[in-house]
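Each of the next two complexes has chain A plus one other chain: chain B in the first, chain C in the second.
Showing the complex of A and B:
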C-alpha cells in the first residue's frame, strides 16, 4: 500500500473501520428494507437515531476530558421533561430552558470533579439519583406535550428535508468549530495528560468544567430530540441512554483514559449501534437471541478496535 | 507481525459474526414475506412488549401463543413474532417502526411509556395497520386499548381498606415505581377512596419496583419506622407479599393488606387466614393479551371493535380465595381462570 494511503488510514483508523462496518451493515439492511435509501426512510431512521447520537457525543466529550458521565440518562430525561412541560408556551423558550438545565447539571458535575477532586464515576452516579428525583418533581408522570406540527415535521420530514439528519450535521459542524478553538485543543490536552497540560499553563479546572457543561448541552439536545420524537416527556425513559452512550463512545475508539478519540467516529458508532438493533429486529431471531447477538457484536467490534489501535503504541 | 496477524483474525471473526446475522435473517426473511393470499388473508401479527422476562409477561406470552396456534389452524393468522424492548422505550419505538416497514397487518403493544409511543403507533394506524394496545396503556385514542381501569383498582382497594378498618387507623401506602403511569393511577384512585375516611392517616408512602426483593427491603424500613400501623394499601402482588412476609417473619399483628393475584401472596394469605389475616385482591388478568389478539383479528377482518375495551377487575376475597390460590405452583405465577370465549366476544363487541 502506498505510504500516503496507509498514513491517512492510520490517522483515521476508527472512522475507516466503522465506515466499513457501516457499509456492510447497510448492505445487509437493504436486503430487509429495500427502501432504506429513500428520503422517507432516511428521515425515519435519523429521527430514531438522533437522541442516541447526541447522547453519545455528550458522553464522548466527557470521556475526552478523562471523565465519565453516569448521570447522562437522568439529565437527558430532565431536559426532555423541562422541554415537554414548557413546549406548549413556546418551543424556543422551552428549548433554551432545557439546554440551560442540562448545561447547569453538567457544570455542577464538572465543579465537583475539578475543584473537590472527586472521582467522576462517583460524582455522576450520585448526580444520576439527584437529577432523577428532580425530573420526577418536574414531571411526576408521563405527559407534557410538544406541538404536533413540530412532531410531524421531525418524524416525517419538513418540505422533504430530514430535520434530524440536518441537526446531526449542524452539531458536527459546531463540534468542528469548538475543536479548533483554544478550549477544544485544551480539552484533548487535559484529557491526555492533566499534569502536563497544567504545567504548560492551561487552566485545567476551567477546561474540565466547560467540558462537562458542553456535554450537558449535547445531552440537553438529545433530550429535546427525544421529546420531539415522542411528542411528550417521560421521566423514566432516559436510563438506557447512559450505557448505550458509553458503548457508542468506546466503539468509536474514545479512550476511557481521556485525550483520544474523534467525534466523527462517535457519530458513526452510535449510528452503527442503532442500525444493528434495528437489523436484529428484522431478522426474526427470538428476542433473547437478539440480546445475545447485540452483546456479541459489540464485544467483537470493540475487540477489533482495541487490537487495531494497539499497534500505534507498538 | 504477530499483532497484525491477530488483528486480521479478529477482523475476520467480526465480519463472520455480521454475516451470520445476515444469514440467519435471509432464511426467516424470505419465509415471512410469502404470505397467503385469499379472500380473508391470513394475518402477520407482531407483539412488541417492554419486558418479556417477568413471569406475568411469560404467562401472557404463553396464553397468546396458545391462542395464535388456534387462529393459525383456522387460517386467520399466518405469522406471529414477539419483540422484546427489554425496558428501553426508545427500542420499543424502533420495533414499531420496523414492523411498519415490514408491513405487519397487526401490531399488539404492551407499552413502556404511556405517552412516548403515541407518534409511532399513530403512524402505524395511519399506514393501515391494526394496532391494539393492552395491559400498560398509551394515551393515544387512535389505537384500540384493552385494559383494566387502574384508577378503579386503587379506588376499590382504598374503599375496602377504609371499611375494614372501620374508618380509622394508620396505614402505609405501598406503591409501584415513581413516575410510572399505572402506579400513579392506582394511587390516585386509592387517595380518592380514602378521602371518604378522614380517620385514616397515611403515615408513609413508599415506592418500590414490582419485585419481591427490593419490595421487601423498602417495606421493612418503612415498617420499622411505623410499627403501629393498622393496615397497608399495597398495589401489586409482589409488594403485598413482601409486606405480609415482613409481618409474619417479625411475628407482628397481621393487619389487613390489599393485594393482587400473585401466587406467593395468595399462598401466604391462605396460610395466615386462620390467624386472622384478611385481604382483598384483584388482578391484571393475563387474558388481556388474548382479548387484544382477538380484537385485532376481528378488526383486521373488517369488524367494528370498540376503541376502548375495559375488562372488569376480578375480586379475590377471603371467601373465594381457595378457588384462586395454586399451592402446587411457584410463587412467581399469576393464577387466574381463563375467560370463556363468549365473554371475550362480548367484550370486543361481536
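Showing the complex of A and C:
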C-alpha cells in the first residue's frame, strides 16, 4: 500500500509540474497572442495539436508495457493515407479501415516482440521500413482528399464545439476506463516487472500484443486527425512524430523501463511541446531554428527530469 | 566475444557465432542473385557493389562500437549530411584540405556531445542521439539557408571513385577502417571495456570500467566514421544535400544487427557488420534490378530484415 501511495504522489508531481510549466508557457503565449483563450483560438490550437497528443498517447502505451515504437511515424502516415484515400466514399468506413490497419500493424509488432524474442527497438525499426513501404503503395504521391465539410468542422469548430478538444477528452476518458480493467492493470504490471507479472499468472504475451495494438489505435486516430486537419494525405509526413512522441512521453515521466507514468501527464507534455513550437514562430526566428530548439529542449527537459527523479531509475 | 565451444559440434559453432551466419546468408544471397537476376555475375557488378556498400559499411562500423556498449546512435544520419555539407561549404572558400578538416572536426564534436549527454546528463542514448541528430539537421538548415553547395574535392573524388589494382579505393578504406575497429574492439583495453559495459553497465562500473572515457571513444569514433562516410559520399556525387544521410540512420543499425551483434550490446563481432552492410546493399541492388516501385522495395526490405533477424539474431531469453 505505501508503494501505491508514493507512486500516486509521484505521478501527480509529474502532472503538477507540467501543469505549472504549462501555465507559465500560456502566460508568455498570451503576450504574443492575446486571443489565445478565446473559443476560436482554442479550437484552432487543439486541431493543430491533436495528432501529436494522440501519437504521444500511443507511444506512452507501448513504453508503459516496457517497449518502444520507432515505427510510429510510418504507422501514423499509413493511417493518414488509408483515410485520405477512402474518405470520399464514406468517412466512417475510411476511419474504420484506417484504425484497423493501424491496430493490425501494432498487433504485428506486438506478436514479434512477445513471441519472437526480438527487442522492441529492432522490431519496430524493421517495421518502420515495412509500413513506410505499404504507405507508399497506398499513396505514392501526396493526395487523397477529405470532405471539406469535415475539414471545416474540425478546424473551425462545429456549432461552437471544438471537436478535436472533445476527441482528446473522450480518448482520455477511454484510457481511464481501460486503466481500471484487468488489462490496464496488467499493462503496468508487465512493464514494471515482466517476470513478476508472469509469475503471478498474467498472460504477459497477450498483454504485450494488446498494448501494441491499443497503441496502434491511438496512432491511427492521430493519423486520421492529421488527414482531417490538412484535408489530404502524405506518406512522408510521419517521421517527426516518432521523435516528438518519445519526447512527450519521456517529458511526462513515462519510464523507458516500463510500468511508470501517467497518460494525463503525456497529454500535458505533448501540449507543452506543441505550444513551445508555436511560441518559437512568434519570436520571429527563422523556422529553421525550430529543429535546433526542439532538440535542445528535449535534452534539457530529460536531463532535468533524470536528475530530479534519480532514485527512481538508479 | 564468444568462447570456443568445447565440443566442436557444427550446430553449436553456428549458433554461437552469428557473424559467421551473416556471411553464410550473404554468400547464399549472392549466389541466388547470380542465378535469379541479371547482371550480378560480372566483376564490374561486384566492384560496384563493394564500392557502394562502403558508404553504409563505414557508418555501420562506428555504429557497431556504440551498439556493442549497449548504446545506439541515431544521429549518424545528421552527421553524414553535416560532414558533406560543411566540407562542400568550406572547400568552396578555403580549399579541400580545410573543408575535410572542418567536416571531421564538426562530426567528432557531435559524437562528443552525444557521449557527454549519455554519461553526464544521463539521457538515454536513443533520446540523446535523436536530439543531437535533430539539432544538427536544424543547424544545417540555418548554416546553408536551406540550399547546400556542391563541391569538387579531388582528394575525396579519388577516394570514392579510384581503384587500386582493380579494387575500389572506397572498399579498401572501409576494410582498413574495419581492421582498426576490429583491433580496437576485440584486442584493445577499450574494447574490453566496451564489451563489459554492454554486458552490464552497473556491474562493470562497480568493477572500475571507466564509463565516460569508453563512451567518449565509442560515440566519438562513431561520429567520426559517419563523417568519413559523408566525405566519401561527397566525393562520389560532388554534391551535398541536407537529407543525404537519412538512409543511414536505420540501415546502419540494421547492418549491425544483421551482422549478428546483439542490439542489447556485449555480443558480436565487427566483421559481422561488414557482412551485414554488404547484404543490405546486395538486397537493395537486387530489388532495384527487379524494377519494383519504391514502396514495394521498402516492404520487401523490411520483411527480409525481419525474416533474417528471426532466423539468426534472436536474443536469448534471460
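Following the convention adopted for this analysis, the second predicted complex is superposed on the first by the 290 of 314 C-alpha atoms of A that agree within 3 Å, B and C clash if a C-alpha of one lies under 4 Å from a C-alpha of the other, contacts with A are read in each partner's own complex, and residues count from 1 in each chain.
Going forward, a contact is a pair of C-beta atoms (placed from the backbone, for glycine too) under 8 Å apart; a residue touches a chain by one contact, two chains touch by 3 or more.
For clarity, every value in this text was computed on a predicted model and none was experimentally measured.
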item	value
Clash or fit (per the criteria above) of chain B with chain C on chain A	clash
Touching partner for A:199 - first (chain B), second (chain C), both, neither	neither
Partner chain(s) touched by A:296 [first = chain B, second = chain C, both, neither]	both
Chain C versus chain B, contacts on chain A by residue	B
First, second, both or neither for A:229, with chain B first and chain C second	first
Which of chain B and chain C A:117 touches, first, second, both or neither	second
Partner chain(s) touched by A:93 [first = chain B, second = chain C, both, neither]	neither
Partner chain(s) touched by A:250 [first = chain B, second = chain C, both, neither]	second
Touching partner for A:177 - first (chain B), second (chain C), both, neither	neither
First (chain B), second (chain C), both or neither touched by A:169	neither
Partner chain in contact with A:40 - chain B first, chain C second, else both or neither	neither
Selected from 146-154, 164-172 or 254-262: the stretch of chain C that, after superposition, runs into chain B	146-154
Touching both chain C and chain B, counted on chain A across the two superposed complexes	135-136, 140, 286, 288, 290-291, 293, 296, 303, 307
In the complex with chain B, residue positions of chain A that touch it	21, 24-25, 28, 31-33, 35, 41, 44, 48, 51-52, 135-136, 139-144, 151, 155-156, 226, 229-237, 239-241, 274, 277-288, 290-291, 293, 296-297, 300-301, 303-304, 307-308, 310-311, 314
Chain A-touching residues of chain C, taken from the complex the two chains share	72, 117, 121-124, 126-128, 130-135, 137-139, 141-142, 145-146, 250, 253-254, 257, 263-264, 293-303, 305-306, 309-310, 313-317
Chain B residues touching chain A - in the complex, by the definition given at the top	3-4, 6-7, 10-11, 13-15, 17-18, 21-22, 24-26, 28-29, 32, 52, 81-84, 86-91, 93-95, 97-98, 101-102, 112-119, 123, 177-181, 184
Chain A residues within the chain C interface of the complex	68, 112, 116-119, 121-123, 125-137, 140, 243, 246-247, 250, 256, 286, 288-296, 298-299, 302-303, 306-307, 313
